[in-house]
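Lettered A, B and C in written order, each chain numbered from 1.
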Amino acid sequence: MTTHHPSDDEFDASDASLTRFDLVKEGARRDGVQIVHYAPRFPVPGTRAERRIERVLSFLFLLTGLMGTAFVVAYIAWPWKYGEGDSTYRALFPYYTPVLGATLGLCLLSLGLGIVVWSKKLLPEEVSIQERHDGPSDSTEQVLTAATILNMGDELGLKRRRFVGLAFLAGAAPLGAVAGALLVGSLIKAPTQDGENVFFTTGWDPKHNDGKPVRLTHEDGTPIRPADVSVGGQITVFPGIPHGATNKWADSPTLLIHLREQDAELTKKQAKELNHGSQWQNFVAYSKICTHAGCPASLYEQQTNRLLCPCHQSQFQITDNARPIFGPASRALPQLPITVDDEGYFIATQDYKIPVGPAFWERP
Amino acid sequence: MTSEQSKRPLARLVPGGARAARGKLRRRLSAAVRLVAALTLAGGLYTAYAPGVGRAEETVKLSDAAANGKAIYEVSCITCHGRNAQGVENRGPSLIGVGSAAVEFQVNTGRMPLARQEAQAERKTPQFDESQAAELGAYIQELGGGPQLPSAESLDEQVKQARGSDKILAHGGELYRVNCSSCHAFSTGGGALSSGKFAPSLQHSTNRDIYAAMLTGPQNMPVFGNNQLSPDDKAAIIAYIQDLNKNEAADPGGWALGRYGPVPEGLVIFLVGIAALVFATLWIAGKS
Amino acid sequence: MKRRKIDVRALPANSARALDERFQAATPLRRLMNKVFPDHWSFLLGEIALYSFIVLLLSGIFLALFFDPSLREVVYDGSYAPLRGVEMSQAYNTALHISFDVRGGLFMRQMHHWAALLFMAAIVVHMFRVFFTGAFRKPREANWIVGVLLFWMGFLEGFGGYSLPDDALSGTGLRIASAIMLSIPIVGTWVTTSLFGGEFPGEVILDRLYIVHVLLVPGALLGLISVHMGLLVKQKHTQWPGPGRTNNNVVGVRMFPGFAAKAGGFFMIVFAMIAALAGLFQINPIWLFGPYKAAVVSAASQPDWYVMFLDGSTRLFPAWEIRFDFFYGDGYTIPPIFWPTVVLPGILTMLPIFYPFIEARFSKDKEVHNLLQRPRDNPLRTALGAMAIAFYVVLLISGGNDVVADKFHISLNAMTWAGRIGILIVPPLAYYVAFRVALGLQQHDREVLAHGVETGIIRRLPDGKFVEIHQPLPSGNGHGPSDEEAHHGLEYGGWVVPKKMNRLGALAPTVKGFFYPIEKAGPAPKPRQLDDDRDREEITSGH
């Protein structure tokens, strides 16, 4: 903006005639910044408008303090423990978190508003222009740097001592492999256990029950009789083995359904070869683990005999081998072959005949 | 029973009438006349026999409540569920054996009488009061038996006690999550089922509504009979549901957004968070 | 010993001198303080993400003091009665402990979660701004790529946080994550068992996820954010075209105090918003969900919003399974879930990363661009962006289609089909509409430049014709259009063309007053530095 740009050497910072803003401008100039427009908001001090802004600002900052204090007071004094205290305490409790949010929100908001108002209304109006220095470096610079880099190769003498270089590489490669081996090797775990692919077996395999067929049980481990499920009812059952209802056997939850007479007949009639003999009278048991993404597909509609998975809306037709009829699932829910043992409790005659849960590469 | 009786005479008599008028020449000419005659006869026989059937039925002693219920039934329910609750093909199922529990649930929640055929009957303002529903229930109960509800007072008392016990409440919660939440959601707000059907919200359900729904499995809801979930289990589940719905402390984190989960949370972050902050940016960067 | 008196007034100067003697800080410090930042509302969107991240770090440290990611079984004995006596993992137990038995813990948990949602939302909105204004062009391609990586890192970080409390929603999410890993051809089962330490859920996943969530990904985020900021400082911010603004300068205010005050104030406002959300809106009420059990699920099981689009793609993708049946063995399977959850995110990462280069290739543009483009001035890019947003929004809505179906009484199956058809139809439609709108806006700008502003004054000419009076625009130098300009219309400057009479003469776009102008437009900032024609040439040709 000034027509005369003194060079850095000419400038005398100790010149007493320079104002502070002159120094600021000179500093900015040296940083490639021109302050082209700079005007105080209130050239005349003490106008009504200025006092109004000051009042607003003071109010905002005092509000910040007030709300901050309110937050701390509420934090300490407001009832905050679930299910404790007398009726007043209980009535106030649900508002503990909202009160914290409201006070802290207002505290920070008024502080933020105050700072912004200060900057918008009281800081001088300013337009500054800074030069950019884009584009590639000077071509000489490029050449010099390139030479420096290339010289490193020369200094190491890789061309002359080729064998040393190769030996270094041969030595460094295993060192790199050490890092990889530690990471991969410590984490890697084959999908097999006792020689079997874990994705092919569930808790219903008799081997988890000393070779005896596994009972269908409630979550608490009590076995289930046919009389425990009404017609049109369904129940989530777990393998009757130790910890059978825990997440250790996350692939085993099964849905036992008591179909209506005619639905059961239809199911039996439509059963494909794999599922022959899996049904016991009017009872069928299907894996609860969706074949799509593994959510529990358990929204059973007892009239339409559809089973819906709430995660991605796959729908399975129970009366037709639990075949997928809608949504992204491509495979039927595996059927658990069940019967009733001598004591009148449901048992699984064997493990699922096909892998349960989401599909994977090796799945037949 | 009744339909069998009213059909049999028709089957015997109408062909008989036609046989008497058989003649080669007159057959075609009188076809229309015979049809009208047959229809008149059938209609006449039906009206003649039907009250007789009704009389025969009345010989089964109905209690006063059931008799009142029958009167309501024959005005409001008979169109779809048929005479004596036998059901009408493609219109309404037979009510024999559903028990008073199902009737009281359907009527007290306003689902029955049905306004129109939809994917699923919706909760609406009930058309009958609770005593009328109880009378209807008594009638159906005496016709065909079936599950019955405990009295409202005893159930409410049991639920109240269950809510007072942490242990029972927690037990109800576990049962709820494994049996109910898949359709009615963790929040008890309900959820969608296939093809327009849905599991309704439980947030306005009474104790008895919930009890009856579990006991009878209305529409597509599976049946949770007393053999599967004992009355105590049911009371525990109801206690858990009512505790979530009526205990204000269940939502200590502010407005629960209907407890619909991440969908409204995502809406809030854009409609409240981002929207307000964009307004702030407009103000901050605006000319002062 | 004589006590030396400390001259308090000289203390700051002396300290500053002492510091400078050691660090030679005077020049770089002043350079930093004098750095010029342009001022436009859309430049503040990225700041929201930055401030949210700071809140995330602070609230996250608080939570880490109380949280234990162990899957060890414990029996809950805390304050929340409906879960007392229930068996659960230590992780869920401590998450409940934070919510009910740590004073203000629920507030901090909700603050952490809302800040995470805001962080991701701000990233996405900021990304839209950068895309539609062409700010990703040379020389800023690298920073754009860093931004894309930041999105995915935030995505991972968010998913980790969602999974850690081990409530039923967390577990369901992890279950789906394991199904996604399983679907990877050939190595799927190995990847899954390796990461989960066995079959899902195993016993180690939360411990591993925890260290990922509190160290690895935050570290990566911090690093990427530093690079993002560093490149911003190095390359300087882009700016809108306008009077005095060229490709070779930045017009705005110096960082201190003007810009810093506004930024600091804005930080407080963002922080206030997060605090208000945290207190007033309940988020992720884990106590309703119960502990994760493989047999437990809820209707409307959704991930957080930034993952929801992938959930949507998974819901919409048809049941297309690929089988490889050979003459021997049982054959191999690629499950349908592989495409929308592994392949699609891959494409959605690669496409944006390469987009700046693709666009430069097709438009044969090798120039450096420091001036932004208005979306209307590049209809093709704007239309492509609209198409991408439409694609994203259809997936996002489909991710919550069961909630929409339930609350608006629409058939769930119909929602899925609407999404499947919508994903094919809506994006091209959005492309077409955005393209036409951009061209229409360009046209309008040109009309105003050629004929002036519509005044709404209709005049009847002596021959009976009616015409609307147009007020001609002043040209850039404020002395009225030159002869040439009067003939051919003004040249377009790449910036807002005044279209209302009260904006005439105002070269800055904004007029005081938010909803309506409450003042007469002030005079244009005098372009005093524009004494030579070279600069003006560059304004008018502004890209």
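The rule is short, and it goes like this: a contact is a pair of C-beta atoms (placed from the backbone, for glycine too) under 8 Å apart; a residue touches a chain by one contact, two chains touch by 3 or more.
Protein names from UniProt, one per chain: A = Cytochrome bc1 complex Rieske iron-sulfur subunit; B = Cytochrome bc1 complex cytochrome c subunit; C = Cytochrome bc1 complex cytochrome b subunit.
The shown structure was predicted, so the numbers you read here are calculated from the model rather than taken from an experiment.
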item: Middle chain, criterion being Cα centroid separation; value: A
item: Chain located farthest away, centre of chain B as origin (C-alpha); value: C
item: Chain centre separation (chain A, chain B; CA means) in Å; value: 41
item: Gap in Å, rounded to a whole number, between the CA centres of chain C and chain A; value: 17
item: Euclidean distance of C-alpha centroids - chain B vs chain C, Å; value: 49
item: Where chain C touches two or more other chains at once, by residue number; value: 81, 100, 106, 110, 262, 265-266, 269-270, 273, 277, 279-280, 293, 295-301, 402, 412-413
item: Multi-chain contact sites of chain A, meaning residues that touch two or more partners; value: 82-83, 97-98, 101, 116, 120, 219, 236, 296, 298-299, 308, 310, 313, 315, 326
item: Multi-chain contact sites of chain B, meaning residues that touch two or more partners; value: 174, 178, 182-183, 191, 193-194, 199, 251-254, 283-284, 288
item: Interface residues, chain A side, partner chain B - complex; value: 82-83, 90-91, 93-94, 96-98, 101, 116, 120-121, 125, 219, 227-236, 257, 296, 298-304, 306, 308, 310, 313, 315, 326
item: Complex interface listing, chain C residues touching chain B; value: 39-45, 48, 81-86, 99-100, 106, 110, 114, 117-118, 121-122, 125, 168-169, 262, 265-266, 269-270, 273-274, 277, 279-285, 288-290, 293, 295-305, 308, 396, 400, 402-407, 409-414, 508, 510-512, 514, 522
item: Sites on chain A touched by chain C in the complex; value: 1, 27-28, 30-31, 33-37, 75, 80-84, 97-102, 104-109, 111-116, 118-120, 123, 126-132, 134-135, 187-191, 193, 197-199, 219, 236, 238, 245-247, 249-253, 288-289, 292-296, 298-299, 308, 310-315, 324, 326-331, 357-364
item: Residue ranges of chain B in contact with chain A within the complex; value: 174, 178-179, 182-183, 191, 193-194, 197, 199, 217, 219-225, 227-228, 248-249, 251-254, 283-284, 288
item: Complex contacts: residues of chain C adjacent to chain A; value: 30-31, 34-36, 73, 79-81, 100-101, 103-104, 106-107, 110, 139, 171-172, 175-176, 178-180, 182-190, 192-195, 197-201, 235-236, 244, 247-254, 257-258, 261-262, 264-273, 275-280, 292-301, 311, 314-321, 330-337, 340, 368, 370, 401-402, 412-413, 416, 525-526, 528-529
